[in-house]
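The next part holds the structures, each set out as structure tokens.
In the two complexes below, chain A is the common chain; its partner is chain B in one and chain C in the other.
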Partner chain A sequence: MNLLTSLGLVASEEVLSGFGLLLLLVAAWGGDKAARTVTVASILALAAVAVMAVPSLMLSRAGVDVSAFDGQFAQDSFASYAKLLIYLGAAVTLLVAPNFFEKAGVYRAEFPILVLFAALGMGIMVSATDMLTLYVGLELNSLAAYVLAAMLRTDERSAEAGLKYFVLGSLASGILLFGISLTYGFTGSTNFGAIHESLSHGLPTGALFGIVFVLSGLAFKISAVPFHMWTPDVYEGAPTPVTTFFATAPKAAAMALLIRVCVSAFGSQTEAWQQIVMAAALLSIVVGALGAIGQSNIKRLLAYSSINNVGFMLLGLAAGTLEGVAGTLVYLAIYVVMSVVSFGAVLMLTDVDGNQVEAIADLGGLSKVKPGLAAAMAMVMFSLAGIPPLFGFWGKFVVFMAVVKAGYVPLAAIGIAASVIGAFYYLKVIKVMYFDEPSGKIGGKCLASHTAIVVIGCLFISPLGYLLTGPLGRLAESAVSALTHG
Partner chain B sequence: MIQLLAFYLFATLVIVSGLSTILARNPVHSVLWLILAFFNAAGLMVLVGAEFIAMLLVIVYVGAVAVLFLFVVMMLDVDFATLRAGFVQNAPLGLLIAVVLVAELLLGTGAVHSGALVLGTADAATAAPQNLSNTAAIGALLYGRYLFLFETAGIILTVAMIGAIVLTHRKRGDVRSQNISQQNARRPQDATVNLKPGVGQGVEL
Partner chain C sequence: MNGFPILSLMLAVPLVAAIACLFADAKGARWIALAATLVDFVLGIILWSHYQVGGAQWQFTESVPLFAGFKWALGIDGIALVLILLSVFLMPMCIGASWLAVQKRVPEYMALFLLIETLIIGVFTAQDIFLFYIFFEAGLIPMYLVIGIWGGADRIYASYKFFLYTLLGSVLMLVAMMWMVNLAGTSDVPTLMEYHFPVAAQKWLWLAFFASFAVKMPMWPVHTWLPDAHVQAPTAGSIILAGVLLKMGGYGFIRFSLPMFPEASAYFAPLVWGLSMVAVVYTSLVALVQSDMKKLIAYSSVAHMGVVTIGLFAFNRQGLEGSMMVMLAHGLVSGALFFCVGVIYDRLHTREINRYGGLSINMPKYALFFMFFTMASVGLPGTANFVGEFLSLGGIYQASSWVALIATTGIILGAAYMLYLYRRVAFGEQKNADAAAMPDLDGREWTMLALLAAATLWMGVYPESFIAPMRADIAHLDARLAQAKPKGDAQVTPGNPASVAPTEEEHAQGSAE
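Now for the complex of A and B:
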């Protein structure tokens, strides 16, 4: 593998970092007045790298070498699938951010740049086929995310969210690093392929500890129970566009990373991680469903909803089959769109002066004030609950199918039971919107960009989405096929 | 022979200066002893053939870290007498921790040497290249095989810097900053007046 081919394979990372550094200069000289220009340029950069990721989506493994820098980085169909979701999440964040921040004070030109660098880090994460690449990508993403959470530094809740995320995130990084060093010590390599090969001869106790620590560190990043404590606080405190970002792109990236680590690196010792993932999946589903019931803030509710959804995604991975992993990837794509719609709708909940309304009680009678918005919210809530005609059901369906096929019927049964509990709090929001007296808190105009995002997203999660089941399934299968060592 | 002599010289000095670091009454002296310890540790590194680490010790630890310590010690008004107040009281606890650490070290190395702990063997690609100096070997790996990670680490540092500036920098209204072009554009007639006050009359400016 010579250097030029390697550099060609990391082209999208080069474009993102080049754009990021260039726009940083624009921001330095233009100041906050250039913020909107920088945002538009950033969205264009994200679109460009998304287009660059498309050709390798359906890449078959045979014949084309996708591995760069001596197996540290892979630009394969799996990475491209995850990257498209990441770039989507980042672009939506940049679309909704300017108005929010201008309303809240000042829109800093550094915001879009940090989002770009975070997207770069996430792209590196999902392409990582080496523990070092994994860690470097994760840190790049995390550091940018800590700053984004604290972006409204005069707002106490935002500063608190940033600090909490930073302290707990550093702890998780430390745990992850400890796991990586143990894995390296007992397998002799940081390369996923070499770890796979080494573990196929047996599992030393030290390496088992390594697996546990690596999974714990990654579970923090996807906010799986028992590493979820930060999620509600950070989701509530962070500025809403940033919460939109956290709920979409980093979730997709960390989930894809976890899948790749489990299958590519630890794939020869499936039993070792399967029970950990299973426990995390069930706990996430149950805690996510029960924790959301008492919430009065819509962002906190969505945080618990995301914990719950992560549980369902982990369930597919816990099945331990490639079909289960493909199910998780399908779920992930649907989940990202549902998150985009739900937070897009939350951003549209403003009072007459354009200030954000976050309390669920204030949504009373939304169906009379803004019937369109209420319908969109209702649709996304039903979809998150997994109620059949909507597309959210399909994600749960493929995951449960894979779990049942792998022979874990009790696992599926508990999951389905918990999703019924989960339906309760989604329905509670709908009840408040449709059957309660108008609270008189909601008003103001909806912005065209928000409306467009919500409408397009709603079309995707509507029954029309089922037209996409075929292509989505094929993409997921093609992505998963890149994970096995051929 | 000269190597052995140098080893004992450096080793003794490291231990002496390390002890002096924690025993010196004056914190500034402590930092100076620490710098001496770093220099001697660097000497030990040269003796075992790790000249790159020796350079790092001198450049990073002496050049940056110790100087930073010195700044902190000299700038902050820390009352070291109160910090030391509980020394005798807490000494048993400190000794206990030291004993535990030493025991762990011995156990760890013992386990590896007795063969109870089977560590993985490093794959060929990560093995050290032969007949190259330390510095050249590390450089070849860092700018060759690990080029991508090295550059990404650079981006991480950039992001950390952006973050620090975004979170702490703000425009303050009460600061009078220097505007050089405005200063240069100022002419004598703008700033001075020529008056001829009569005797016994004040000047009104």
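Now for the complex of A and C:
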């Protein structure tokens, strides 16, 4: 494989980095006045790379043909599936960000560029087929994310969120790196294929520790219990558009990365990681559900909800079958859309002057003041709770179907029974919006761009979404097929 | 009706109307809702008239592979047909019952009721087990909102209890369904009904389904959500809850638990009998001491549902047919009773029995109808309940005479609490001036009660109209259950009578034999 082919395969990463550097220059000379222009250009760049990802996914490309730089990077259908979700999350963030930041002070031109670099890092993460590529992508993403969390420099909460995220994130990166070094030491390679091959001959204790540390590091990134503590604080403290970003793109990237590491690198020792994933899944479901009950801030509540949902996604992986992985991917896609809708709706919750309203109690009587917004929130809450006929049910359905098929009926029963606990706090939000009297806190006008995002998202999570079950399932299968290839 | 998707149309009409309601004002929404429910009623009548008794088991079938893991498969048999008829008959009544009673957020209210109608019809027509589940679960959302927005003082607690109770019951059923579909390789309900699941697995599956249906039914001791939900729901909510939603539990037993797990059903029959006996006796006694009219009728519903489960698990045709008839009759009669309560609640805004009295003096027409439905609830011959209860209890007598004995006391207790209620409300002196000043039924109320009374009488005098469509299906189910049928305790065997004073020789002969 020559260098030119390799460079051709990483075209979308080149586009993103090229655009990012170019826009950085524009920002340097244009200043914050150029922020909106930079944003539009960034969205276009994301749209372009998203289009570039489509053929690979449609054609189920996999194997050596799409492997670049001596097996360090794979532009396969699995990576493309995750990238589409990542770019979607990043683009939506950029759509909702300008108005928020202009209201809060200044919309800085670095913001869209940081989002682009984060997206670039995530693209590398999901394409990585080597531990070191993985780490480079992860760090590129994380460094951008730490800054994003602290974007509102004058807001103490935002600064605190950035610092917390940075300290805990570095710790997790350290753990991950330690795991990588152990794995390398006991298997002799950092390449996923070589690790797979080496582990198929047996599992040395050192390598088991390597697996545990690698999974711990990644569990931090997807905010799975017991590495979830940062999530509520960061979600609450970060500016809402950034929270939208955290809840969608990095979640999708880290989940995809975890899947690839588990299946490609550690696939020959499924039992070794399956128990860990199972425990993390059940704990995430339960802790996510119980933790959310006492929350009074809608962003914190959604943070716990994301922990809870990650638990369900992990259940698919815990099944240890390709069908389970496909289920996780379907859930991931639905979850990204649900997050977009929920945070889009949260951004639309403003008082008469356009200031953000975040306390759940202030949502009282929203259904009378803004019936459309309340209906959208109610839909997304029922959908997150997995109540049919909303589309969120389908994600749970495919995951549990895979778990049952793999023979883990008790796991499925416990998981699904715990989902009832989760339903309680989603109902609480609906109760406040529909049953309580108007709080008088909500007012102002909704922006057309936000409305459009929420309406499109709502159509997707409405029962109409079920018409997509076929195509979505096929795309997920196409993505998964790349994991076992070669 | 060859190939015309009438069932899909019946689902679409209320759904479209529900969306239309959201964009209408209060008056418009009322008329849209009434029109849509009446159209569905007409469609239901067409369905009934085109249903071929003795024809194919599944009629009006549709199947479109729209989704990945399951199909848009609809179809009905006789059992589903009569339950659909009950639903489409009660729906216009619900709209009528809330015509004036609901003044707050009317378009949303009507939209939710129409949505409920779609989901109910969906439950009874779904031929794919997952499609069934979606319709079955989705009903929680509109009912939660109806109770929570338009309910009484304690509505929030009631709505939570309703939602979480029924959700917990159902999710385990989902896991069981997934397991079954994996084993059988199909999610088609008619195929699953013929599939033979391993007996050991059947028991687990049966329990998972039982968890869901027992809550929906509701059976003692998981019935506690019902009185709360009923008391807090608006009148129409109570009618639809008692009239149709409770039937989903019974329908679930007869469509899933019994035909799919016959052996497990037989194994657990004593459990069901036990719970049902407690339900019949205990909840009847609880009903006797209620001071809230709706709560009293809610508890009587639990008692009646006890008779339904007893009949279902009698494992013979009499019992099964009887259960179906009790379900239909209870749908009409309890719906009518809730409406009767609603009529006076609209006038005095209290459900306290003590606040009324002597209503037969100032509201004679009302008292007449209330009397009629009281009698029907007690199970007077000539009314619908009598047919069903008689058959159910006759059926269980073949299986267990003790259960029959205890369950029959429910009728006596039923007479006690209903007549006691009636005496306190309608007879006696007019102790409260405001209650004595209430006007009698108006035209709308009179029409609705008259229609309900006519249907109750029809079902009581000529039940054949309703039993005929489901006879073949019940027979089919009975044949399926025959292999697993538990042995009855009252098997009459021909005796071996000894002669009066046996002589020595005869005795010797007898022992030689």
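To be clear about the criterion, the second predicted complex is superposed on the first by the 479 of 486 C-alpha atoms of A that agree within 3 Å, B and C clash if a C-alpha of one lies under 4 Å from a C-alpha of the other, contacts with A are read in each partner's own complex, and residues count from 1 in each chain.
The working rule: a contact is a pair of C-beta atoms (placed from the backbone, for glycine too) under 8 Å apart; a residue touches a chain by one contact, two chains touch by 3 or more.
These figures come from a predicted structure and were not determined experimentally.
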| request: Quick one: classify A:Phe393 as touching chain B (first), chain C (second), both or neither. | output: second
Checklist entry - Thinking of the overlay built on chain A, is A:Ile113 touched by chain B (first), by chain C (second), by both, or by neither? => result first
With the two complexes superposed on chain A, say which partner A:Arg153 touches: chain B (first), chain C (second), both, or neither.
first
Max touched-residue count on chain A (chain B vs chain C) belongs to chain B
Practice task
Applying the touch criterion given at the start, work out whether A:Ser181 contacts chain B, chain C, both or neither, answering first, second, both or neither.
Solution key: neither
First, second, both or neither for A:Asn297, with chain B first and chain C second
neither
Please indicate which partner A:Ile416 is in contact with in the superposed arrangement: first for chain B, second for chain C, both, or neither. second
Between chain B (first) and chain C (second), which, if any, makes contact with A:Ser439: first, second, both or neither?
-> neither
*Is A:Lys405 contacted by the first partner chain B, the second partner chain C, both or neither?*
second
Residue overlap on chain A between the chain B interface and the chain C interface none
The chain B residues in contact with chain A across the complex are 117-123, 125-126, 144-149, 151-153, 155-156, 158-160, 162-163, 165-167
Within their complex, chain A touches chain C through residues 367-368, 371, 382, 387-389, 393, 397-398, 400-401, 404-405, 409, 412-413, 416-417, 419-420, 423-424, 427, 430-431, 434-435, 466-467, 469-470, 472-473
Chain A residues touching chain B in their complex are 3, 6, 10, 17, 20-21, 24, 68-70, 72-73, 108, 110, 113-114, 117, 120-121, 124, 132-133, 136-137, 139-140, 143-144, 146-147, 150-151, 153, 162, 184-191, 194, 198, 204, 206
Residue set of chain C touching chain A in the complex reads 66-69, 105, 108, 130, 133-135, 137-138, 140-141, 144-145, 148-149, 155-156, 159-160, 163-164, 167-168, 171-172, 174-175, 178-179, 182
